[in-house]
Structure formats: C-alpha cells, structure tokens
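What follows is chain A paired twice: with chain B in the first complex and chain C in the second.
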Partner chain A sequence: MSKYSVIGTRVNMVGGTDKVTGNAKYTTDINLPGMLYGKILRSPHPHAKILRIDTRKAEKMVGVKAVVTGKDTIGKKQGIWRRFPELCDEEILCRTKVRFIGDPVASVAAIDEDTAEEALELIKVDYEVLPAVFDPMEAITEEAPQIHEGVELNINVNRHIEWGNVDDAFKKCDHIREDQFVCSSQAHMCMETHCAIASFDYNGKLTVWTSTQSSYYIQVLLMGMLGMREGDIRVINPYTGGGFGSKFELDSAQFCASLLSKKVCKPVKIVLNRMEEFTATKRRTPMYYFLKLGAKKDGTLLAKEVRVITEGGAYTAMGATALYLTGFFSSFPYKYPNYRYDGYRAYTNTQTSSAMRGFGAPQSTFVGESQLDMMADDLGIDPIEIRRKNGMTPDYVVPGQAFIQSCGLHQCLDKIEAHIKGRGKLPPNRGIGIAAYGFMSGGIFNWFDTPYAFSAAIVKINIDGKVDVFTGANEIGQGSDTTLSLICAEELGVNFDDIRIHSADTGICPADLGAWGSRQTLMSGNAVKMAAADAKRQLMEFAAAKLGVNIVYDLDIKDGWIHLIDRPERGVSYFDIVKAAIRGKDGETIIGRGHYTPHRKGMISPAYSFGIQAAEVEVDPETGKYKLLRATTAHDSGQVINPVGIEGQLEGAIMMAGGYGYCEDQPHENGRILNPAIGDYQLIRSLDMPETNILEIDTYEPEGPFGAKEAGEGLTNPTAGAIGNAIYKAVGVRINTLPITPEKVFKALKEKEKKEKKKKKKKK
Partner chain B sequence: MSYHCPVCKKVSHAPLDLARHMIGRGDKVHRDWIYSKGFKYSELLLLQIKSFGGEGFKALAKVLEKETKVED
Partner chain C sequence: MKEILKIKVNGQSHELLVKPKTLLLEVLRDHLGLTGTKRACDSGACGACTVILDGMAVKSCSILALQADGSEVMTIEGLATGNELHPLQKAFLDHGAVQCGFCTPGMLMSSKAMLDENPKANKQQIKEGIDGHICRCTGYNSLVRAITDVVKGEYKEVK
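Moving on, here comes the complex of A and B:
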C-alpha cells in the first residue's frame, strides 16, 4: 500500500472540465472594451538593409489607430541570455537591417484585423538586399556574408566540455568509429499560436495576457525593451495551448502589442496566424554532428569526441543553451571516462533556431544511440549489453558537470530486455530498436540573471480549510497545476479537491522561471511543498496545544485528520484546527511561504530522469515505407506524482518525437521555408500513432518533492534513435540524416542491393 | 598552479581550460588579446571545427602556458 494519500492517484486535470466543455478562455478568446487588433509587417528578404520605411499612407487609412516601427522603440536589443549582452542581439522591430524572411519591420493597430492587414500593404519599405547565407557549414567560411557586425565566421556561440585525456584514451581503444549525422529542424506546432493582448493604461501600467511558458521572463524582457519598471508590468498567462519551448522568450506579438498599446492607451490584441507561426517564430535547432567513439573489444567505452555545428538562424535566442545541452547530453547516459565536446552555433539568414522539447537532447540521443548500436554491431555485442556495461548508476559524478543521485537506468534495461524477449521471434522486415536517454529536471543555469529564487510559492489556508496556492509556475497544457495541487494536498494532508491554484500571474504570484527544461515538478514542486509545510507547521502548533501531546510525539495530517504519527487514532479535525488557529492568531490568515533554488548540484540540473525506449517497426522493402508499430518505454521519473499526466506526456512525446524521427522537417530554399502550412507540414497523426506502453520503474530522487523528477521532455529524446536502430534491425540499412523518410530507406535499400550484387559477382 | 585570463582574470587550472575560456568567450576584448599574440581568431576556430583533437585550443594553450601562469 502506498504511503501517500494523494500523490500517485489518478485525478482529473485541473482545468480539464473547462477545456473539454469549451469554457476555457485562452488569450485569443479574451476581448476587452475598446480593444484594437494588431498585425505585423515582416521582411520578405533573408538579408537586407532597411533604407526607409514610409508609414504615412497606412497611418491615414480609416480605422488605423497606430503604426509603429523600429523608430518607436528605445533602440535596445533583447535576448534571454541577459548576463551576456553580446548575446542579446534581437531588436524584434528591426531598425536598420533584417536577417531572415519574417523579421518584423512594422506593426499596425486598427479597429479590426482586416483593416490592420490592409494597412500593412500600404507601408512602403525600401530595402538594399544583401548577400545571404543559409547553411551553417557555408556560414562559417571566410567568404560568407557577415550577418551580425563583428561576429567572425558568423560563429555566434561556442561551447566546450572536456574531461579525462581523450587523445591518450583513443590510443588505448581496440576499435574506433567516426561517423557523421545531420539532424533536421522541427516546428513546435502548438495548437495555440503565439498571441498577446496588451493594455497600457493612463496610470502608466501595462497588463499583458499572453500564451507563454514564463510570465516572469516576459515581464522582465518587456521591462527592458519598453524602458519601464518591473512592477508596472503585469503578465497574466490564461489557458495556454502548448509551448514546447517556443514560448518563453519575448515574441513579436507580445512586443508589438505592448508598443502599440503604449502609443494609443488602448488594449491591442495580436494573434499570429499559422503561416507566421511556421516562418517567424523559432524552431528546433538543425545540427551537423561529427562523432568519434572508441571502445575496448569487450564493449567498454573509453573515449568519445563530439563536434557539432548548429544552424542558429538570425538570432541567439535560447540557441546557446541548446548548444551546451546537446554537448552535455551527448555523454548521456553513459560513464565515459574521457570525453570532449566542441560545439559551434552559426548565424544564418534563416528563422532562428532555439529551444524545443528535449532542448538539444533529441539530436544527441539520435546520433549517439545510432552510433552506439553501430559500435555494438562492429564488436558483435548485444545492444542491451553494451548499454548495461557502460550505463550510469546512482551516485555517479559526470566530471565537472553533474552529480547523478537517483538513476534507474539499469532497471529500465531489465524491463526493456524482458519486453523484447516477450515479443518473441519477429516476422521478416520487422525489427525492434532501442535507445537509452536521460534528461534534466530543470536547469541550474541563471543566464537570465534573476535575483529571485528559481521557484517560489505561497499557500493560504482559508477558514473552511480550503487552500489557495499561488505560484509563478506556468500551466501550458502539461498539467503543472494538477501536479502542484497534488503536492500541496499531500503535504497538507487534505483532499486534492480542497486545493485551488492560481498560477503564472505576475501581479499576484511570486516569481518563478516558468515551464521549460522540465523544471516545474521538481523546482516549483519543492517550493509548493515547502510553502505547504510552512502553513502546516503553523497549524500544528495549535493542534499540539489542543491535543496536549507529549512533546516527544510528532503530528501529521492525513485525510483532514491531524493525529499523532505513532497513534493515528488520537487526533483532531483539520477543519476545527484551522478555525481555532485563525482565531488564535487574532484573525490573521495562515500563509505559508516556500522557495527553491538549487545549490551545489553541479552545472546542469539538480536531478536527472533516465529511460530506455524500444521501437518496433515494419518495413516494406519494395517501397521503403515503414510503420512504427509499438513504442515501449521504461522511464525513471522517481516517485510518480501524477500518473495520468505521465501517460499524457508519453503519448504526446511519441507523437512529437516520432514525427521528428519519421517525417517532420522544415526544408528551406534561399531562406524561405517551403512547407509553412499544416497541410504541407507532415506530422504523425492519430491514425499513425503506434501502440504506446510505459513500464514503471521504482526509484526515489532525494532532491525532488516526495522523490519526484522530470517526466516531460526526456520522453522526447529516444524515439528518433530507436526508430533508426529498429530499421537497421529490420532491413539492415542505416540512415544518418533526420527525418528517416521512406524515400531515404528506399534509396538505402537500393544501395544495399547493388552492393550485395557486386559482392556476389566478385565471388563468382 | 593556476592560470589567470589576461583579459578578465578568470582563473583556470590548466592552460587548455584557459584557451577554451578565451576562445569560448569570443568577445572583442578576448579576441584582441588573441590577435596581439599573432593568432587569427577565425583560424583558431576553423582549426577546432574542421578536425577532431582540439587543435585550435592546443595552439593557444601553448602561449597561455608561458604568459599567464600564477604560482599559488
């Protein structure tokens, strides 16, 4: 029997009823009195100087209330890496130069969307078109045009990680492989596009309702770009239809709506259309990967060296973090005694690449797990065995980088091995491939330079025993309101339904860095647990007095019953004690406070999830077409807080990561994305979904609330690698570029056939 | 033994680490110091990018070893 009453139980998602009944109000559903509608004019050129912008005709148009250009800004460049000014390189409304097709140059507010759209056509922009560069391998040559002044070879950021003696270790290896891979881009494909309503009032206060992963970041970034004080800006995050990494940086809808609203002192709503969403927001980072892997004959991995060049696009955004994390997770989840990573992010005249679910790890897992299977194949070792031999274990230290406390990787291997054996002998052209992975439970880095704790929460107990939780954490559809409510209810010993959560409104909630890097369960969860414990402590003082207990006894609350832990039958009603405590405190409300910032937990994260996924595919050798039949995942997320949430995360991750492996891409020609519509952008749809299963692993993470760690992004990491390995098992061809399309499989099969024929001829 | 960045005084425990820091930081002041030692920043980067072995870092580390050592 579980020692917990609330966590680990199956509950309805907070806000779920509103969503399924259509009552949930998203930003786009909100209408304010006198609200105007904004549209954004964007560059048609990948690289050009802005010579002149003439807005006079647009301004005169009936129904147009305001037009803004770069001249209306305070002339600052913004970026989320605030500690490094050289990486704050995006003006949003460009003043002198555009750097990709889609860069904003002007914005209009009008009485309706059609008028605003029409007015955009009246704005005349004179450009001087400049030579452009689109491929990162070309961008880093001396001949390439310089995209940002003073940035040599267009190298925006470089990151390096090294431990051990890599050069010496390679000399000791029995077998070395060098391989190259190319990882493609991917669109976030949120159901809700980027949108914001900004309302600047005559008191000089700005309120912004927006679809965001971090209300706090948007508040602070707007402060910098508008020259306002933090406290004069309130950011509210209504129901949000997905983020996946695309919504925690200041975007054109938020900035332009705010700028326009400041100009006219009226609310302005901007909702990006799907085409803008595809072409003018950010995307997953395409990467060129060069890998060198050395091992002993018995499969012991001695050294790994990784070089990566990423297609950064026009601006830094979160690309610097993705560059670091792809290098860090290239060593995961194995104990490499010698490791070297060199990563370079190149500016290109393409849409900026940035954070996306998995944050560099889906790329590193695809390439690393593919190469590891190739190494196992060369050495004649079973893929499970090579992972078992080298896999991380609890209390492992990644030199200079991380301290792994809980690690259920080997339990995952056992479960997946049993699953594969259980599948028995497979029919021809069918194969099961595996990929192992790990992921962080929130990032430790503070490039944003926040002076606040990373997470904070306030818990207020009302006279009727109901509880209000205030947290800056953002509910973006992933279920954090549910998870945090479960944590609060468990700590306080009340029912899940007794909790009401207020999240991500900077006007009433304490600052929290938001929903990115799989941080909220652990970081915001710790803050909520601490706040609940603080409130509980205040109640316990009254309960102890009321019960007249010997001080050697400890009290706890379970199911609304405050009792002696050793004598649960002796207690008092939680509801009675709440009333008594409030009266006893001269009517003062019981308020608990909590905050969490990781300390002395290495460079990356306070805790790591682990897992293995087995993908089963069936390939048609005539056409190369294949079907992902089954995806079975053993995922170690510590103590499960919200089991329904994990199932949802897993299914969503398979859909997203399967798409990354199988079909999703954003090819471009001369900087123009070729498939900027849902009809053209291929996704895995419901009918393509494989059967998904999750195998439970029992671990406990000391740093997490009740032992929990991440269960969101990590699940996105393994699928592309597992698919690649499964295809190899099924038909013996290896595809080193994503996505692994049927066309690529077909071509590889033809090549293989040719080679086999040649071999046969030679033998004859 | 420690090695202090000649530009921002960041302390490293090996010249290779310091070379990584200086190339990695890559801002104008760090680049200017690298130029003053007869290197072209972009060439060091290209050395790094084009082959395994960290050759760009190693080249700079040789200079840093002589010039930035501080006895603890």
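Moving on, here comes the complex of A and C:
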C-alpha cells in the first residue's frame, strides 16, 4: 500500500471541466460594462530618436477616448531585476528613443478595436533614424552604435563563474577539444497572446485581469511605473493560455491598458495580435557558445572552459538570469573539478531575449551534450559510460554554486542503457542519441528584492470540513492548482475533491513569486503544506481532548479519520472535530498559514531534478530529411505529486524542445523578424510528434513537499542535444548550429561525401 | 451597411445585424457571447477557433459570418448534453489532454467532426485529423490516446 492516499493518484485537472466545456474565462474572454479597447503603436525602426509625436488628430477622432505616449508616464524605466537600478532600462512607452522594431510609442483607447486601430494611423511620429546593430558579435565592437547611454561596447551584463584551477587542469589532460556552437532563438508561442484588462476607478484603485505567470510581480512593477501604492493595485490571473517564460515581466498590454484606464476611469482591454506576439514580446536567448573540454584517456573530465555571447536585444528583462543560468548549467550534470565560465550579454537592436522554459539550460545542454559525445567518440568510450563516470551523485556540492541533495542521475542512466539495448540493432540511417540534464526547483537569489517570503499560502477549513486554499501561485495550464490541491489534501487527510483553490489574485491571496523557474511545486507546495499542517494542528488540539489521549501519542488524519498513529482504529471523525473546533474557538474559522523561502543564500536553487533522454531518429541520406521517431526519458523529479501533470509536462516539453532542435527559429533581417505568423513559424504538429515514453525514477528530495521537486522545465533541456547526437549516430554528421534543419544535414552529408572521396583518391 | 444574418447556433436560432466583413468567429464571441471558441492566430493556421458548420469542422476565423447565413453551427458550448459531458470531453480530462486549455475547444470540435465522419478512426487518422491544430502544452500524444479510447468505446455517450 502506498504511504500516501492522495498524492501520486491520477486526478482530473482542477479547472479541467471549465476548459473542455468552453466555460473557462480567459482574460481575452472577459468583457466589462463600458469597457474600451486599446491598441499600441509600435516603432517601425530598429533604432531611432523620437523627435515629435503628434496625437491631435487621433484624439479628435470619433470614438477615441484616450491617447497616451511616453509623456503621460512618470518617466521611469522599469526592469524585473529591481535590486539593480542600472538593469531597469525599459520605459515600455518610449519617450526619446526606440531600440527595436516593435518598441511601443503610443497607445489608444476607443469604443472598439477597429476605431482604436484606425486612430493609430492618425498618430504622427517623427523619427531620426540611427545606425543599428543586430549581431551581438558586432554589437560589442568599438564601431557599433551605442544602444543605451553609458553602456560601453553594448555589454549589458557579464557573468563569471569559476572553481578549481582550470589552466593547470588543462595541462594534465590527455585530450582537449575546442568547439563552437550557435543556439538560435525560439518563440514561446503561447496559444493565448499577451492581454490585459485594466480598470482604474474614481477611488484611485486599479484592478488588472491579465494573462500572467506572476500576479505579484505585475502588481509591484505596475506600482513602480504608475507611481501608485502596491495595495491600491489588484492583479487577478484568470485562466491563462500558457506562459513558458513569456508572461512574468510587465508587458505593453498591461502597462498601456493601465495608463489608459487611469486617464479615463473606464476599463480598457488590450489583446496583442499574433504578429505583435511574435515581434514585440520576448523570446528565447540566442547564444554564441565557445567550449573547451579536457579529459583523461579513461574519460574522466578534468576541466571545462565556457565562453558565451548572447544576443540580448533591446532590454535586460530576464536575460541577465538566462546568462547566469546557462553558465551554471553548462557544468550540469557532471562533477567538473575545474570549471570556468564567462558570459556576456550584448544589447542589440532586436527583440529582447529573456526567459523561456529551460532558461538558458536548453542551450547549454545542447552544446554540452554534443561536445561530450564528440569527446567520448574521440576517446573511444561509450556515451553512457562517459556520463556514468562523471555524473553527479547525491549530496554532491558544486563549489560555491549548489548543494545537491537527491540525485537519481545514475538510476536514469541504467534505465536508458537498458532501453537502448532493448532496441537491438537498428536499421541503416537510424540512430539513438542521448543527452543528460538537470534543472533547478526555483531560484534562491532575490533579484526582485521582495521583502515577502517567496511563497505563502492560507488554508481555511469550513464548517462542513471542506477546505479553501489561497495561494499566490499562478496556474497557467501547467497544473499548479491541481498539484497544490493534492498537497493540501494529503497533508490534511481529506479528499482531493474537498479542496477548493483560489490562486494568484493579489487582492485575496498572499504574495508568491509566481510560475517560473520550476519553483511552484517545491516552494508554493511547501507553503501550502505548512499552512495545511498549521490548520491541522488546530484541529488536533480538539481531537486530542476528545479522544483523551496521553500526551505521548501522535495523531494524524487520513481519509477523514483523525486517529492515533500507532492505533489507527482509535479515532474520531474529521468532520465532527471541525465542527467542535469551530465552536470551541468562539466560532472563529480555522485558518492555517504557511510560507517558504529557500535558505542557503547565494546558491542557485534548493533542489535539482535530473534525467536522461534518448532520441531515436531516421535520416534520409538523399535529402537530409529526418524523422524523430521516439523520445524516451528517464526522469528524476523526486516524489511524484501529480502523475497526469508530469506526463503532460514531459510530452509537452518534447514538442517544444524537439521543435527547438528540429525547426523552430526566428531569423531576422535588419532587425525585422522574417516569420511572424503561425503559418510561417515552423513547429511540431501531431504528425511530427515522436512516440514518447517515460521511465520514472523514485527518489526523495528532503527539501521538497513530500519529497517532490522540479518537473516542468528540465525536460525542455535534453531534446536538441539528443537529436544532434542521434543524427551523428545515424549518418555520421555533426550539426553545431540550431535548429538542426534537414537542409543543414543535407549539406553536411554532401561535405562528408566529398571528404571521403578525397580520402579514397589519396589512398589510390 | 449592415446585413441580416440568420444562423442557428447550438440549436438556437438567431437573427443578427452584422457588417459584411465580420467573421463567423466574431459573431460567436462578440455578438453571441460564446467565448469558448478561441481566437489565437488570425490566419487559419492554429485551429483554436474550430467549430462545426453544417457537420463540417471549419476555422471560424477564416469564414465571413454572412457566408454562414442559413447554416447550423455547433460550438464547444453545445458539446455536452445537459449536465453530462460528451465522451470526448471526459476522455480529454482523464488523459490529461488538457493543460492551458486554450486550444481545447477547437481540438474537441475537430475531433467530434472527425469521429462523426469516421467513428473507427485509427491512430494515424486521428493524428492526421488534429494535425491542423497547434497545442503548445500537451505534445499531442495524450490527445491521440484520449480520442483512441473514445473510438474504442471506453466512454459511452448519453442519449
């Protein structure tokens, strides 16, 4: 029998019935009485001075209710890295200068969308076009135009990580490889575009309904940009159509709608269209990667040196975090005794690159796992073996960076090795490639500078024993409402259906940093567990009195039965005790409170997930076309709380990460993105989707609720690398730039053919 | 400049005044308040706005409302019978084929039209049937499993 009654069971997603019946109201579905519709005018130039904005004609147009420009703002720059003012570099409504095609310059609210759209055409903006720079390697040269005042060589942030003695260690290596890689961009492509309804009332209070990954961040960032008080702003997160990293910074829809609403005291709704979503929101960070890897003959990795230049785009956003994490995860999941990372984020006149599922780790895993296979090949060692030799183990310490507690990497390796053996001898042009990975369970560093605990929760027990959970955690489709409800039900010993969860409404829920960095299962989960335990303790006082038990006996609740742990048959109904407890407390509702902030400041994360994925591909050597046939993943995410949710995360990650490896890209020319429509943006559809298998590894993470840890993003990391390695196994060519398109494979095959012919000629 | 549109939606007849350029999607969402049908790409490329028009799955963002004059439309709001979910809705829930849920209404309407036409659809046909839809969350395989279980008769329809 499982020691748990609720967690680990298969349940229907909270809110699922609303979603399958069309009753789920997303921000875009909400309409308020008297609501206006907003549109945003954006820069057509990658880099230009704003000389003048004339809005008079637009203001006079029938149906137009308000027009705002940078002049209507309080003139502040914002950024999510609030602790570092120099990284708060985005005005949202530009006052003097635009820095990418899509930078907002004005916004209109009108009686309908058509009128707002027409009014945009009446706004006249005089620009003085400036020279622009698009490639990060050019941006960091003396000749490049300066994008932000005072930022020399356009270097926005740099990051250094080092331990051991790298230079000495390279001298002791038997073999050293130096390789270069280029990682492309990727669009989040949430099905629901960014949108917000802002309603500012005559009492000076602002309510914002928005599609967001963090209601709390939006509340605080709006406070700063509008010069309001935090408590006067309420951010509500209705059903949200995906986030993937794109929705936890303040965006133009939220800011412009709020500013417009403040001007007219009417609700204003702004929904970005798909073109804006592709060109004017944020995206995955493109990176140039330079790697040096040294090993002993037996495959022991001695040293790694990593240099990265990232294409930052116009603003900092979460790009600073991506730069740090790609450097940290470049060492993952191996025990490098000597390691050095230098990363530079360059401003460019392109769309800002920022957080996206995996947060720098899909890039580092693609390059690292490709190079590791190349090293194994050079040394004549099996790819599994080199990973086994160097892979992290439980209780490993990454010097100055991380304390690993649970780590199921080696069990994962065993399972994947067995899987590969089970596939037997493959037909020609088929190959299986592997890639190992790890990821964090939320970040520790407080760059947002919040005075609150990182997660908090309130658990309220009602007279009939039903439970309300209040959490600031954001449900964006990933299933956090379900996971947190399961945790609460388990801790309280009630059924999953007894829980009703209220999440991510800053007016009624305690602050929580939101859904990013795979933090909510562990952090919000711990807060909910603590709140449930607090409520439970209050019941236990009454249960102990009722049962007349000796003080040495411990009580617990399971399936609605409060009982002695050692004598489960002796107990009392949970429902009776709830009634008794509420009466006994002068009718006061039972409220439990919980919070969680990770300790070990300065370290990356409280816990790490691990895994390995095997990708099987079949290449057509005539055309370079290949098919991703099968992706098998052994994944250690600690105790599984919500198995249906984990399956969904895993399979969904393969769609997104496979797309990153195979086809997704956002090429731009002179700062203009060339494929800003779903029809032109290639991604994996159902016919391209491989077979997926999950091999669960059973571990227990001491820091997580019931032993759970990350399960959402880590899975985005391995697929591109596994595909690259599989193609090499299949046809012997190696592609060092993402995405690995059939065209690149075809060219590499032709190149290989030429070389082989030359060799043959020489032999003759 | 507005014209009269006569349309039956989920069994109910409507007579509306619409502009010639109004899309079927806009009539459903903005005139009738049936916001279950989603707008996601504006270009007929993602399938989120799929409804059933006279028995056929169509993308309501790519049809002018007046083109549907005299037609019968079924949207996601019409899929359940009373308080009983349709087998496809149940199967989607059980298989975790719903995450953010934004593509779900369109995906369900396509699946229904597909199974109405071919109740014995096999795995490949199901994959083809939903290939016009983008789901950014699930990776499609859970959708295929859910629809397959409905084909197998694991979920009985309420008559």
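Throughout what follows, the second predicted complex is superposed on the first by the 762 of 764 C-alpha atoms of A that agree within 3 Å, B and C clash if a C-alpha of one lies under 4 Å from a C-alpha of the other, contacts with A are read in each partner's own complex, and residues count from 1 in each chain.
As a working rule, contacts are C-beta pairs under 8 Å (C-beta built on N, C-alpha and C of every residue); 3 or more make two chains touch, one makes a residue touch a chain.
All values derive from a computational prediction rather than experimental measurement.
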Simultaneous placement of chain C and chain B on chain A, clash or fit: fit
Contacts of A:Pro451 with chain B and chain C, given as first, second, both or neither: neither
Touching partner for A:Tyr344 - first (chain B), second (chain C), both, neither: first
Following superposition on chain A: angle at chain A, chain B versus chain C, Cα, nearest 10°: 160
Chain B versus chain C as contact partner of A:Thr17, first or second or both or neither: second
Chain B versus chain C as contact partner of A:Thr193, first or second or both or neither: second
Chain B or chain C, by number of chain A residues touched: C
Which of chain B and chain C A:Pro33 touches, first, second, both or neither: neither
Nearest-approach distance, in Å, of chain C Cα atoms to those of chain B in the combined model: 36
In the complex, chain B residues that touch chain A: 16, 20, 23-24, 26-28, 31, 41-42, 45-46, 48-49, 52-54, 57
For the chain A and chain B complex, residues of the former touching the latter: 86, 140, 142, 150, 152-153, 155, 157-160, 162, 166-167, 178, 290, 292, 305, 307, 309, 340, 342, 344
Contacting residues of chain A [partner chain C, same complex]: 10, 12-13, 15-26, 28-29, 189-193, 239-242, 244, 273-275, 476-479, 644-645, 647-648, 650-656, 677-679, 683, 685-687, 689, 691-692
For the chain C and chain A complex, residues of the former touching the latter: 29, 34-46, 48, 75-77, 79-80, 85, 89, 92-96, 98-105, 108, 127-128, 130-144
